[in-house]
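Both of the next two complexes hold chain A, though its partner changes from chain B to chain C.
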Partner chain A sequence: MVKSDFEFPEFYNFPPFFTIQPVLATREKQLHLWRELILRYHTAYKIKTLIVHDCPLWKNTNLGRELDSTDISIIMNDLIESGHGEWEDLTTSTSTSTSAVHTRCRILWRTPQQLASDIYEWAQVHGFGGGGVCTVYELHSGEDVHGMSFQGADEELLRRGLEVLEHQGKCTMFQGDTSSEDGIKFY
Partner chain B sequence: MLQDMGMTSALTKSDHRGDYYTTLARQLADFLRPKLKQAGGLLTLTDVYCFFNRARGSNLISPEDLLQAVSCMKELNLGMSLRDFPSGLRVVQDESFNDEKMAKKLLVLAEHSPEECLTALDASRALHISALLANEQLLSAERMGYICRDVTLEGTRFFPNRFNDFKWIS
Partner chain C sequence: TMAHRRRGVGVGRSSGPKFSKKAEELKAMSAESAMETVKKLEVKITDFAKKHKSEIQEDPALRQKFLQMCAPLGIDPLLSKKGFWGSLLGMGDFYYELAVKVAEVCVASRSRNGGIISVAEVKNILSQRGTKFQLAGQSTKKYSRDDIATAISKLSTLGGGFRTVKVGASTMIVSVPTELDSDHMEIMKLAQEEEGCVTVNTVRQETQWSEERAKRALDLLLSQGMAWLDMDRGVESYWFPSVWKEGFGMDDA
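Coming up: the complex of A and B.
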């Protein structure tokens, strides 16, 4: 898919969007917009990993603006801190520097915490509350999950959301014959 | 010429040791009042130093004396006072000068300009003040959240702060 298929928001053509704002209050709003853009773009094209030096979002050719590497670092750090991004590659040290060199970032449209509350809400609505049970498979591919944020979700991400729920005492997990038959009991 | 300016005598330090600075401050304030108004309420200390000494002709005051005199203007209620900007720029400011009013003025200027932005030069032309002061005012307006910046190789331009309004329309 070509970048031009995606409908870019108005702020993508606002020149200051490409200058990291020095005034903190303004910067917060700006970083929030960058996060939104990254999430929506990657979700629209179903791209699970953002490769920092390859990401087409950093440059707007029509506007004649682009972010430099310092700006990109600020935006990436903000994304990671928000819980919507995770570095896939480990810290590496080269002969010239021992600073972390991260290039691949997994995009989390919903954070584990958000998935947890989405799942729990769905469970309540569909009558699983108070002891109802369903399988992991049903959560990502069942008939009742159409339109839910966790529909079609990576099993690993789903489990992380479920772990959060377990931690909150809202469910317990138990093993099934196969991993997709592992079950969740909701409270 | 000194008499025209309202100065009946050029004070020297040896004359009135004790209230030398107080009297100098009053003299300075009287001298500056019309100039301050003309400049829109702000003058850099450097400008004040030049104007004042040029008018004096002899018995020039030193930069230290100027600073001392200006520093006591506030408590003497002379209608103006020393102000330090975060950048280090020091000015004499008329007490009626309002930062917020100036920020709003700059916002309107930006909104009505052809490319919807202002450089320090644009602002200085529009407000009839030096580019240095104009830049300081732009920075002040930016801190207050009225405008935001766009930095390129050609320089810095200021836009209305639309970050407050942008929402994703899905």
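Coming up: the complex of A and C.
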């Protein structure tokens, strides 16, 4: 994807968007919108990791509104729970306290489960079902994957998707000469 | 009706058989002439419709005027697809399809506006999608806000909780069973004057209501998702997505 001027959703200019809503049904909608915004933004700019205290989304200067740290925590927790975010740093402990301080969040545009089903569907359509084989490299950079969600995907992420598929019995992995030549046999 | 008005002019107040016979005669006459007047008007309207059929089909403004002429006579040219009016004007399908599309837009938008949306916004959404309708055998994109309101009024006769409400000069469509009283409408009207936002204080200033009354109405709107809360530097305000969106560049009627 080419970096271009990011189009913010309408809600980004709606002041209450920056107040975590007290009414649960409304809050659900709001968190959904924040999740979508975070995913779209990070994907558009190809940013793999969200650094909580650096993220420019929390503050809309033109609007004069910003999320406070409690609000941000709520949004981050929701992102993690949805499967679209993963903490990269775990607990830290200092001499005085041990606390879970999460600052770096890996952004997963597609969860491993979603990647797994996308890959499997692609495999069926392209005739790999029933024993067809392709390499890991072909999955992220092959000619046939144009427009697929896993095109250009991080290899590690791709493998996690493939693990899910293996677990489901829909494929097996085997080693190639290099890691990108590792193969996948689909069923 | 005419018969009613006649009664007020003293007919029936005096006693005596002579008077009451006269009263009955007058009543019968006025009822008869009322019926005749209505029949004459019906004929006129039918003639008008026949003569201006294509204009009614193509021009939303004329169509609206025509419907307004029909209403006081109890004529509903949209009542059925078949029958006299259905065959003459062929508009039944159009309003039905429009109503279905409008209902879809309303339901899809509920999670963000609580089930209240302006007709203007609905029209905008349908226009952006390039939605077309069949009107008298032709595909058309030309329909007005009035058409949308008319389509919704058809829906409400079928049940389903859809109804239109007036907020200031705007017409909103409510698609949830929530009971909105005049206090709620008043608040939304105030919000309309302030780009979609009110506070307890601004409501009280304009209405002279007690704090309790203002809060009660605002809390209902908040709980229904029709209002969202904005807490900014200690000040709480209530924003209405349906009103706020209306302030966006909407196309005209």
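Brief remarks follow.
One rule holds for everything that comes next: the second predicted complex is superposed on the first by the 180 of 187 C-alpha atoms of A that agree within 3 Å, B and C clash if a C-alpha of one lies under 4 Å from a C-alpha of the other, contacts with A are read in each partner's own complex, and residues count from 1 in each chain.
As a convention for this text, a residue touches a chain if its C-beta (ideal position, glycine included) is under 8 Å from a C-beta of that chain, and two chains touch if they have at least 3 such contacts.
Model, not experiment: these values are computed from the prediction.
When both complexes are superposed on chain A, chain B and chain C clash.
When the shared chain is aligned, no partner comes close enough to touch A:H126: not chain B, not chain C.
Of the two partner chains placed around the shared chain by superposition, neither chain B nor chain C is touched by A:K48.
Applying the stated contact rule after C-alpha superposition, one finds that A:P15 touches each of chain B and chain C.
In the superposition on chain A, A:E36 makes contact with chain B only, not with chain C. Once the two complexes are overlaid on the shared chain, A:T26 sits against chain B and chain C alike. In the superposition on chain A, A:R160 makes contact with neither chain B nor chain C.
When both structures are laid over each other on chain A, chain C collides with chain B only at 97-105; the other stretches in 7-15, 43-51, 61-69 or 97-105 stay clear.
10-11, 14-16, 18-19, 21-23, 25-26, 29-30, 65 are the residues of chain A that lie in the contact sets of both chain B and chain C, per the superposition on chain A. Residues 117, 142-143, 145, 148-152, 157, 159, 161-164, 166, 168-169 of chain B touch chain A in their complex. Chain contact summary for the complex, chain A toward chain C: residues 10-11, 14-19, 21-23, 25-26, 28-30, 64-65.
Note for the complex: chain C touches chain A at residues 111-112, 114, 197, 222-223, 225, 228-232, 237, 239, 241, 244-245, 248.
Residues of chain A that touch chain B in their complex: 9-11, 14-16, 18-19, 21-23, 25-26, 29-30, 33, 36, 40, 65.
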